[in-house]
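Two complexes come next, and they have one chain in common, chain A, joined by chain B in the first and chain C in the second.
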Partner chain A sequence: MANTYKLLNATTISSPSYSVTISSIPQTYTDLLVGFSLRSDYGSAHHEGQFTFNSVSTGYAQVFLVGANGSTNSYIQSGQPAATWSLAINGDGSTANTFSNGEIYFPNYSSTSVAKSWSTNAVTENNASNAAQFMVGGLNTSTAAISSLTFYAWQSFINFVAGSTFYIYGIKNS
Partner chain B sequence: MTESTPMAVEVNCETGEVTERPLTAEEIAQREVDAAAFAVAQAEREAAETAKAEAKASAEAKLAALGLTAEEIAALTK
Partner chain C sequence: MAAGSTYTPIATTTLSGVTSYTFSSISGSYTDLILIGNLIQSSSAANSYIQVGNGSVDTGSNYSQTILYGNGSSTVSTRQSGQTAWYADYAAAPGTGSDYNTAIWQIQNYSNSNVYKSILMRVGKATNGTDAMVGLWRSVSAINTIKLFSSNNLTGTLTLYGIAAA
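Let's look at the complex of A and B:
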């Protein structure tokens, strides 16, 4: 059980940005936690965003639990796309100056012998009923240690807006 | 939305150095392919959910036509 959390990096975006890459992630921890607080310039109240690790562009398996606007659904992503949809993001249609918040947990991120897994637990904010709750379980067969993460707001010309923040924590069990 | 070349932020986690650059054409093209694939998957999921709900409603209507009460139908579908 983890009992140490060390903040390795906190990055707040200062201008609209399509992607954020965190590289040279230290390999001296057992688990990795990514905290995020995000908003985009897309016109909806909320939407999902992507990430990849180590520039791996295939084989992201994932299951979703999604709640929004009074309904809940669960589903399995068909196929195994080139990135995982594991971010929840406030869109431009949500209350001004509000951001989503959530975290992604990577156990054994520095292992070089096991497939990589992660879980996301996140919500979006809105001073109206149309806010989202979002949980994802993901897997990729890559056994390489995770040394970089790239986050994407969505398709081209949709950006993370200024104030969006990523926090990277390293976790040890001693 | 900002209709200009998307920018990428790159952060070195060890040094804290932050750089910004425009996305390459290849990166933009790949993201568009991914987004299109996801839109297809979402449409498939929504269609399946709609079909399931319609089938359930149809089955319940047929049971009601046979004389089952709402409570009896609910007991069958739990």
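Let's look at the complex of A and C:
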């Protein structure tokens, strides 16, 4: 495999967990791509999840377009403590054995001179009447290189269930 | 997005206050192209555009596009046909200062000389909007030239990757 699209971390959740932290992300790539497949123990069909990087807990802004159950909505948030709506998660109320499918792209994650932005595409399709698609554009004005990512299953009483996965790839421009 | 051993960097550039940048003499040895942008601009509200071609970019009215965007308060789909370029962004145009957008432009079968060329675009900017767009260039010519341009000065990075089917 070329060194321009390299698996840096693969995490599979083995027991219910509210959060997952992936640390010591190498700084030798240009962009990061996070692929995720998630399900929670929350009773709804689907819900959002969040992330932070470098334990930064302020200044997250995002715009999202959500299509769910036959309708669309768009929202803008700023000054948030985490990147909201950036994970789509199948809840315990969705069809059994279905997990969400999504990816987050971070350009220039290892740069120390530009604000960090990202783009998310995610779905919670489950062959039932209640499903959703999220498209998100996000920004935090922190210029620090991203060395860790923490993913949250929305609220602290909600857990990612076993079998949920995160894969992080490094993409290099040379 | 495709993955695998063929995700090969073709060219990368750092823009510093320019109104356009052209990738030329792009190798035809891949199947698809992915262009990643991370951009700001000198003043707000100007869209960026993309033209493609073989040898030089096509400036004729041969571009069409279907656009879906959310701008924080509404969701809209609109159509453009007979255009002289694709929108590279719509609601998610680059911001100013630290307000970078994230752009992923993917051209399918760019080196195939038997099909019209299609492009998928996902662009997001946290303060304005998120775009999902699909476009068509009505030409069977293989693409070896891509131009990104704006009426404002653009700053940031562009990287072009090649994806081979085999």
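In this section, the second predicted complex is superposed on the first by the 164 of 174 C-alpha atoms of A that agree within 3 Å, B and C clash if a C-alpha of one lies under 4 Å from a C-alpha of the other, contacts with A are read in each partner's own complex, and residues count from 1 in each chain.
Keep this in mind: contacts are C-beta pairs under 8 Å (C-beta built on N, C-alpha and C of every residue); 3 or more make two chains touch, one makes a residue touch a chain.
None of the values given here were measured: they were computed from a predicted structure.
Q: Of the two partner chains, chain B (first) and chain C (second), which one does A:173 touch, if any: first, second, both, or neither?
A: The second partner, chain C, only.
Q: Once the shared chain is lined up, is A:157 touching chain B (first), chain C (second), both, or neither of them?
A: first
Q: Determine, under the contact definition given at the top, whether A:127 touches first (chain B), second (chain C), both, or neither.
A: neither
Q: Classify the contacts of A:112 with the two partner chains as first (chain B alone), second (chain C alone), both, or neither.
A: In the superposed model, A:112 contacts neither chain B nor chain C.
Q: Determine, under the contact definition given at the top, whether A:20 touches first (chain B), second (chain C), both, or neither.
A: In the superposition, A:20 contacts chain B only.
Q: After the superposition on A, what does A:50 contact: first (chain B), second (chain C), both or neither?
A: So A:50 only meets chain B here.
Q: For A:9, select first, second, both or neither according to whether it touches chain B, chain C, the two together, or no partner.
A: In the superposition, A:9 touches chain B alone.
Q: Mind working out whether A:82 is in touch with chain B, chain C, both or neither, as first, second, both or neither?
A: After superposing on A, A:82 lies in contact with chain B but is clear of chain C.
Q: Common interface residues of chain A with chain B and chain C?
A: 73, 75, 78
Q: Under the stated contact criterion, what part of chain B meets chain A in this complex?
A: 1-4, 6-16, 18, 20, 23, 27-28, 30-35, 37-38, 41, 44-45, 49
Q: So in the complex, which bits of chain C are touching chain A?
A: Contact set of chain C toward chain A: 1, 3-9, 12, 36-38, 68-75, 92, 98-104, 122-130, 132, 156-157, 159, 161.
Q: Help me check something: in the complex, which residues belonging to chain A touch chain B?
A: 8-9, 11, 13, 15-26, 41-43, 50, 57, 73, 75, 77-79, 81-83, 85, 92, 152, 154-159, 168
Q: Per the contact definition, I'd like the list of chain A residues that touch chain C in the complex.
A: 1-2, 4-5, 30-31, 33, 61-67, 72-76, 78, 103, 105-108, 114-115, 117-121, 135-139, 141, 143, 169, 171-174
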